[in-house]
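Each of the two complexes below includes chain A, the first together with chain B, the second together with chain C.
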Partner chain A sequence: MAYSDKVIDHYNNPRNVGSFAKDEENVGTGVVGAPECGDVMKLQLKINPESGMIEDARFKTFGCGSAIASSSYVTELVKGKHIDEAMAIKNSAIVKELNLPPVKIHCSVLAEDAIKAAITDWRKHRVTDETPKKAESV
Partner chain B sequence: MLKLPIYMDNHATTPTDPRVLEAMLPYFTEKFGNAASRNHSFGWEAEEAVDRARQQIAALINAKPKEIIFTSGATESDNLSIKGIVEFYKDKGNHVITCVTEHKAVLDSCRALERAGKAVVTYLPVDKYGMVDPDDVRKAITDKTVLITIMYANNEIGTIHPVREIGRIAKEKGVIFHCDAVQAAGKVPLDVERDGIDLASLSAHKLYGPKGIGALYVRSKGPRVRLTAQMDGGGHERGMRSGTLNVTGIVGFGKACEVAQGEMVEEARRLTDLRNRLQAGIFERLDEVSLNGHPTERLPGNLNLSFAYVEGESLLMGISDVAVSSGSACTSATLEPSYVIRALGVSDELAHSSIRFGLGRFNTAEEVDFVTDRIAREVTRLRDMSPLYEMAKEGIDLKSVAWKAD
Partner chain C sequence: MIQCPSCGRLAEPSLQCSNCSGPLPANVDLFTALGLPRKLTIAPEQLEATYHRLGRELHPDRFAAARPEVRKASLTATSLLTRAYRTLRDPISRANYWLELHGRKARENGSRVPADVAEMVFDIHEELAEFAQSRNAVPADASDLTERVNERRMEIVNRLEALDRELAATFCSLDQVQDAPPDESVAQLLSILSRRAYLRTLLRDIEKALDTRPSA
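Presenting the complex of A and B:
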C-alpha cells in the first residue's frame, strides 16, 4: 500500500512531537488506543484558562505511519482554535487532509478521540473554576 | 558500492538465480514443445527436460524422480495433499493433525474440510520458540487419524520442527505424514527417507527459481501414498494433477534445486554468519529487543525480532530503502497481528512490533551493516516519539494501565 505524500511528510517531519513538562499548568492530556491494538496516541493541549483557546499542542504516538501522521496533523489543526471548535473536529477532516485509505480510517477516529480526551482531561483538572468564554464564532 | 533498495525478504520470495534463468530461456523459444506430445521431437525434447528436472528435484530431497508431481506452487501442493488424502482415505478415518503456526494454505485447507464436514482437525500448540512437541503429536493420534501435516520450518520465525521424530511417530502409528517443506528445501538438508516424510510441498521461487511452479513429493513405496486429484483433466502427473506441464518453470525449478544442492552447506554457513552479524549488531545498539523463534533450531537466513514500543509498520516506513516484512496488523488487511508470533505467547503489542529479516543468496555483509544502522536509528527515533517508551522509562507498568480502546 502506498502512502500519500502528506502522510509521508508528517511521518518524516512530525510536528509538535514530545511532551510538556510535568509541572506545566493548564495542560490537558488525552491517551487513547491500546498497545495490543497497535495504536496508542498521547495528545497534550495547553489551553488558556480565561479564553479557552488552545495555545500549544504536543503528541507522542505508537502506531503505524498513518497514526503518527494523524496525530501530528491534529496538533497543527487545533493550535489557535477555541476548545469548542476543537471539540467539533471530525475524523473526516483528517481523512481528507491526509488522503487516508479505508483501512486507515481508524487512525483518524483515534486522533479525533484524542482531542476530546485531552480537552475533557483539561476540564477535569482546571486550576480555576471559572468557565472560559464561549467561542466567538464556531 | 551499496545498491538501494536492499532486498532482505527472502522468505517471501527470492530472485531467480541467473544460472536458473539461463537454463530456462531456450524452453520459451526454440524448445517450446508440450511434454505430453508423444509423437514428435518437440514433445520429446520437452519431456526430456522435465525428466531431468524431476531428477534434480528428487535428488535434493532424496526421493525418486517419479515421486515428484508438478503443481503451480506450494499452495496448490498443500491443498492437493491435505484435501486429496482426506478424500481418498475417507473410509479409513477423518481425523487430521496439524499445528497452529502452519501456513494459511495448510490451515485454510483444513478449515475447508471441517466446514464441508469431511474432517475433524486437531490444531496442536507450539512452545515459546514455535516448536511443536512430538509427544503432543503422538497423543493426538486416534484410530481415525489419516493425516499429520506439520511444516518443516516456519516461514515467519524460521523455527525448524523436530520433523524426524514426527516422521518416526507417523510411521509407527501408520499415519501419513505431509510436510510443507517450502522454506526448508534447499536451505537445510531434507531427506524424505531419513525424515519419514510421505508428502512434501515444495516451491521453486523460494529457492531462487521462478514463480508459478511447485511440486508435491508423493511417496511411492513404504507406504504407497494415494490421493484424490483436485484438478480433473488429461490425467497428467500419474493422474494426480492434470494440466499441461509448465516446462520452462519446471526446467528452472530443476536447475534451482541442482544449484541449491551443490551450494547448500556453504551457503547455510555464510547466511548463518550474516544473520548472526545482523542480530549482534542490532542487540549492541538497541535495548528491549527480543528474538521470536528458536535461538538455534532455525533457518540460516531467518531473523525475527520485536522492537518494544515501536509499531512494526511505522518502522518499515522509516526504512523504506530496505525490504523486510512485519508481523504488525497494519501490514495486513485483517488488522490482526501475526498469528504465528501470538502463538508463541508473545503479547499482541510485541507481535505488532515484530520485523522479519530474511537473508538470502545475494545479501552481503555491507548490506547487513547498512540495515543494522538504519534499524537502530529509526527505532531510536520512533521510541522518542512513542508514548509507551516514555511511560516505560517512567517506570509505569504498561500492563497495569486501563487503556481506552475502541
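Presenting the complex of A and C:
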C-alpha cells in the first residue's frame, strides 16, 4: 500500500511521542482503540486550568503507519487551541491533511476520539477536584 | 421466488436452480449462497465440499454456449460464491458478517479499549522498547530480557487460544437461539472479537521485536 508523503514523514519523525510524568498536573489522558484492527492510541493533553488552552501534547500509538501519523499530526494540531475548538476537530480534517485512503479512515476516527477522550478525562478530574459531590460518572 | 433463466421455472432464491441446477441471478446473503443456515458454527468440510461442487456446477465455462441471461447469471453466481467462501471460511470474518446481518457491528461500542487490555499493551510495549535498547547497547546482556519477551509472547499465545475457545462456545450458544440474538451474548461476542484483535496486534509487535536483528 502506498502511504502519502505526509504519513511517511509523521511515521519516520513522529512529533511529541511519549507521555507526561505521572505527577504532572492538568493532564488529561485518552486511551482509545480500534476493535477491527487492534490499534491502540494514547493521547495526553496538558491543559491550562484557567484559560482552557491546550499547552502541550504527547502520544503513544501502537498500530499501523496511518494510526501513528494521525496521532502525531493531532498533537501538532491541538497545541495552542482552546479545548472547545479541539473538541470540534473532525476526523475529515485529518484525512485531508494526511491524504488517507478509505481503508485507513478509521485511524483518523481513532485520533478524533482520542482528543475527545483526553479532554473528557481532564474535565472529569477537574469536576472531581473542585466539587467532589457533583462528580459525574463517565 | 425467482425465475430461472435456464428452465424458466420458479425457484427458491439461491445460486442454483432447484429444478434444473442452472445458475440463478439471485442476490442472496452469503450463508444462503453456500446453502448454509445463518449459523456461526460451520463444519469446514461441508463448507469446502459445497464451495467446490457449486464452483464446478456454476462455472462460466459450462455456459459458454448458453443464452446471454444464463451466462450472466453464471458470472454473478460464481462471484457471489467466491465472496461467500472467502468471508465464511474464516471464523472472525464470518462473525463480523453475521453481526452485520443482524444490524450490529464491531465498532458499536465506540473506541473504548478494555482497561486491562490497554494496560497490558502499554506495559508490554515498554518492555519491548527496553529490550530493543539493551540489545543495541550490550547485545550479550540482553538474554534476560529476551527470555522475558519470550514469556510474554507465550502468555499472549495462551490468551489467544483461550479466547478462541470462548469464541467457539459463544458461537454455539448463539446458534441455539431461534429469534433475535440476545444482547448479552452479542455483547460477549463483540468483546471477544475486540480483545482478540488487540492481542493479535500485540503478538505481531512482540514477534517483530524478537525477529529484528540488533542494529550495528
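Here is the rule we use: the second predicted complex is superposed on the first by the 122 of 138 C-alpha atoms of A that agree within 3 Å, B and C clash if a C-alpha of one lies under 4 Å from a C-alpha of the other, contacts with A are read in each partner's own complex, and residues count from 1 in each chain.
Operating definition for what follows: contacts are C-beta pairs under 8 Å (C-beta built on N, C-alpha and C of every residue); 3 or more make two chains touch, one makes a residue touch a chain.
Owing to the predicted nature of the structure, the values given are computational and were not obtained by experimental measurement.
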{"item": "A:Tyr3 touches, of chain B and chain C: first, second, both or neither?", "value": "first"}
{"item": "Touching partner for A:His82 - first (chain B), second (chain C), both, neither", "value": "neither"}
{"item": "First, second, both or neither for A:Lys46, with chain B first and chain C second", "value": "neither"}
{"item": "Touched partner set for A:Thr61, first chain B, second chain C, both or neither", "value": "first"}
{"item": "Touched partner set for A:Val103, first chain B, second chain C, both or neither", "value": "first"}
{"item": "Which superposed partner A:Gly33 touches (first chain B, second chain C, both, neither)", "value": "both"}
{"item": "Between chain B and chain C, more extensive residue contact with chain A", "value": "B"}
{"item": "Which of chain B and chain C A:Arg15 touches, first, second, both or neither", "value": "neither"}
{"item": "Doubly contacted chain A residues - partners chain C and chain B", "value": "31-40, 42, 60, 62-63, 106, 109-110, 113, 117"}
{"item": "Touching residues (chain side chain A, partner chain B) in the complex", "value": "3, 8, 11, 14, 17, 19, 31-42, 60-68, 103, 106, 109-110, 113, 117"}
{"item": "List of chain C residues in touch with chain A within their complex", "value": "106-107, 109-113, 117-118, 121-122, 125, 190, 193-194, 197-202, 205"}
{"item": "Residues on chain B engaged by chain A in the complex (per definition of touch)", "value": "309-311, 313-314, 317-318, 328-330, 333, 335, 337, 347-349, 352, 384-390, 398, 403-406"}
{"item": "Residues of chain A that touch chain C when the two form their complex", "value": "31-40, 42, 60, 62-63, 106, 109-110, 113-114, 117"}
